[in-house]
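Naming follows writing order (A, B, C and D), and every chain is counted from residue 1.
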Amino acid sequence: MTSFPSKERLAHIVYESDDRASKNFDLGLLVLILLSVLVVILDSVREIHLNYGSLLYWLEWFFTIVFTLEYLLRIWLSNDRPGYIFGFYGIVDLLAILPTFLSLILVQSQYLMVVRALRFLRILRILKLPEYLREAALLASALKNSRAKIQIFVGSVLTIVLVMGSIMYIIEGPENGYTSIPRAMYWAIVTLTTVGYGDISPNTDLGQFMASIIMLLGYAIIAVPTGIVTSEMTFAKSKTEAAGEHTLKICKTCRL
Amino acid sequence: MTSFPSKERLAHIVYESDDRASKNFDLGLLVLILLSVLVVILDSVREIHLNYGSLLYWLEWFFTIVFTLEYLLRIWLSNDRPGYIFGFYGIVDLLAILPTFLSLILVQSQYLMVVRALRFLRILRILKLPEYLREAALLASALKNSRAKIQIFVGSVLTIVLVMGSIMYIIEGPENGYTSIPRAMYWAIVTLTTVGYGDISPNTDLGQFMASIIMLLGYAIIAVPTGIVTSEMTFAKSKTEAAGEHTLKICKTCRL
Amino acid sequence: MTSFPSKERLAHIVYESDDRASKNFDLGLLVLILLSVLVVILDSVREIHLNYGSLLYWLEWFFTIVFTLEYLLRIWLSNDRPGYIFGFYGIVDLLAILPTFLSLILVQSQYLMVVRALRFLRILRILKLPEYLREAALLASALKNSRAKIQIFVGSVLTIVLVMGSIMYIIEGPENGYTSIPRAMYWAIVTLTTVGYGDISPNTDLGQFMASIIMLLGYAIIAVPTGIVTSEMTFAKSKTEAAGEHTLKICKTCRL
Amino acid sequence: MTSFPSKERLAHIVYESDDRASKNFDLGLLVLILLSVLVVILDSVREIHLNYGSLLYWLEWFFTIVFTLEYLLRIWLSNDRPGYIFGFYGIVDLLAILPTFLSLILVQSQYLMVVRALRFLRILRILKLPEYLREAALLASALKNSRAKIQIFVGSVLTIVLVMGSIMYIIEGPENGYTSIPRAMYWAIVTLTTVGYGDISPNTDLGQFMASIIMLLGYAIIAVPTGIVTSEMTFAKSKTEAAGEHTLKICKTCRL
């Protein structure tokens, strides 16, 4: 009972999540990932770094060593080693541990530190649950169905941003903060998406009139992605409901 | 007719709302709650506090005494006293009167004063009408049906906020107001939700480019909660309409 | 042919819009209203007022006299004179001419001037076309169907604004611009609706955390009115489509 | 095989996009248009203009000459020359080359430069693919069906903007930035669309109260265009799905 598990059993625990041991492994990993991301976030706050810097430093090394052991374990247990190492999850796993080791060699390691926040993406692996996969597949298929609509939408947004940015660059000019077309396009995006920082805003009468038009356009255009997603979701829902009992029966059998 | 009502009758007036006396009680209580909240709000305005402070002070004590009497009455009339006292409504009722009494003992009672604004939540009790309960139940069941979709949505938003916050912390840095990852994440939320205060905004070219991406993402992502709520509402509506007369008959019988 | 029209004919021209003369009357009135509103708007611009003030003054008197004649004509032609004079349209018609006459008597007539902008509401009379009325009735009935949902929504928004405003008033305090609960509630509305002026914004860490919550709440809550309106519109549409030909036949008959 | 293609063949390559040669022509043109727009954008950035100005100048002439040759080719190949020259695409094609030639004659050609950004619109020609046309036609017909709803919506927005702008001009006045009714209307649009720059924001208590109302109105009104677009899309989708195979067969036959 307390004997060391076989390699097959270990691989099951590490890669699957359908019994108690493997679920506990996933839960433990989830907690470790969240804590390690929290350490990265807290360490970026000046006051906390000054007061608890060394504690966070040792915690960081603890997480790095645990994740390194897990990374080596995953390589050892994998059936398709190159596929794991050069796949999405393998690279995310490597990026989670590399910055801490590199900080030993490199002096200016401040930027590397933040790469560790990408550890958060490791959670995706744990959330590979059937329910989420099915929903994600539904969303993906809905978006695929609306591909043409989405391309028209994105194209319209880009055209409005480019044309309005160019026009505002002429109307307002560098003296009002529109120092270049790229900056005027940044302003157009800030306005069209209704974010409206106010770091750049029109000062001339004509500029304010053009800005009013782009705002009202943005107000109307926001309806398009909403309409696309909603109609696809409503349709997918009515199809699922129509399939009804049948779907549920299939699900019970195939554990999807 | 003018004799004092029995305890059963009183309990009915206080806890139910299906005849004239109990409806009048609820209406009176509603007016008192709104007035007492208005007093709290007005008292926070410096000019009003200086000119009418003492009037508001006596009004406050009037409301507190009335609510205290009501609180004691509710305890006395309740069939399940611990259930009431330690339940949601009992605690809200207690929080509505406690701050005023504590202000007699404590010197620094400024913060307690504002707790009294939570009295507003007492209105929920009065609004416990069947129509609202049914609608609230419909909304709750719609949200429950979309649990997986909502979790994917919230997860995506948190991931974008964390990853974009970390990236912007590196790109813009403390000299542009992104003093720490938590603050950069606050900026990411301000941007993604299209609020856009402008208290922190990107100044570098690369930062403005990344900000443009997060804004367009936010513009697209807003469609997801709308799609979820709308498709659930449309579906719930069509089901209710299909059930038609039958539903109404059930409602008439069971008083729901 | 060129003889002066009868009173009945005049009433038809003024109050109806189903033949050429009455349509021309409406069109002329529409142009006059738009021009007179334009004069009010332009007169508020300092540079234009200084340069073209006297021209605008005489134009203003021209419009006032025309609208006064039209007002007297409408009273004379009306079958239900008190009903017209004290009704919505009568009051709007009176407000359109009163300020100019009052400006002769009163010195400080600056504020009265702007009341003339309400002339714009006179356009509503001209737009009393069947198609608009039917659509407006559809919208109104859709909103009426969703009365309970809308009340829950408005109630939730008000509760969030009051509770979050009070909490932010304590957390941030007058030194960060949250000088009173009403002002903190104004901030809460600015944030919840994703307007985000940035005239007041949280400076403390805790305040920024609470602000993040209210922003994400606002992001989610915006889905509710959209869901309500969309599901009602979709339902109304499918009902209209189902009725199909029949509806059209009825419309042709009853001229609705 | 390597002989020069006939005029018919050339016209096919230039105007159609259903075989390899014509698709390659379109792709090459797409790349040239995007590069030439990129040159215009980059040239507006001061640092890039100072360092790489002459390179961009020669690139600009290269694109202009290529587009001029293409323009002449299109005129030569067109069956309906006046129809092309004075049509939308002909004018866009001319605007894409004219500014560079005019910059030789005119001194102050800074503004003309930006007209070249309209070259981006030339992409529309290349995207004249059947799938996009069908989707665009669906959207256009959906918007046409909702014409009355959209007019009511736009009318309501304009009325709110005019009335609220006038009221805020009186309440806040020039000392708070509301220097004229047009500027107050600009503020009303900024607020109603939830952009919220914060360049103008209410300072008085009454002004903040009115602003809160317009914000909540904007929050509710945004639901209307979303509702219109979504219900039309859902309806169009269900009709397309119902038609099913039949539609596809028609499409295969008529090449739409």
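Definition applied: contacts are C-beta pairs under 8 Å (C-beta built on N, C-alpha and C of every residue); 3 or more make two chains touch, one makes a residue touch a chain.
Quick caveat: nothing in here was measured; it's all calculated off a predicted structure.
Contact with both chain A and chain C is made by B, D.
A rotation of 90° superposes the C-alpha trace of chain A on that of chain D, rounded to the nearest 5.
Counted by residue number, the contact pairs of C-D are over half the same as those of A-D, the matching pair from B-D, A-D or A-C. Judged by shared residue numbers over all numbers used at their interface, chain B and chain C contact each other through mostly different positions, with under half in common.
Centre to centre, using the average C-alpha position, chain A and chain B are separated by 30 Å. Centre to centre, using the average C-alpha position, chain B and chain D are separated by 42 Å. Residues of chain D in contact with at least two other chains: 182, 185, 194-198, 222, 226, 228, 230, 232, 234. Touching chain D in their complex are the following residues of chain A: 148-149, 151-152, 155, 159, 162-163, 166-167, 169-170, 174, 179-182, 185, 191, 194-198, 201, 205, 208-209, 211-212, 215-216, 218-220, 222-224, 226-228, 230-232, 234-235. By the touch rule above, chain B contacts chain D in their complex via residues 194-198, 226, 230, 234. Residue ranges of chain A in contact with chain B, taken from their complex: 37, 40-41, 44-46, 111, 114, 117-118, 120-121, 123, 127, 131-132, 134-136, 139, 157, 182-183, 185-186, 189-190, 192-199, 222, 225-226, 228-230, 232-234, 237-238, 241.
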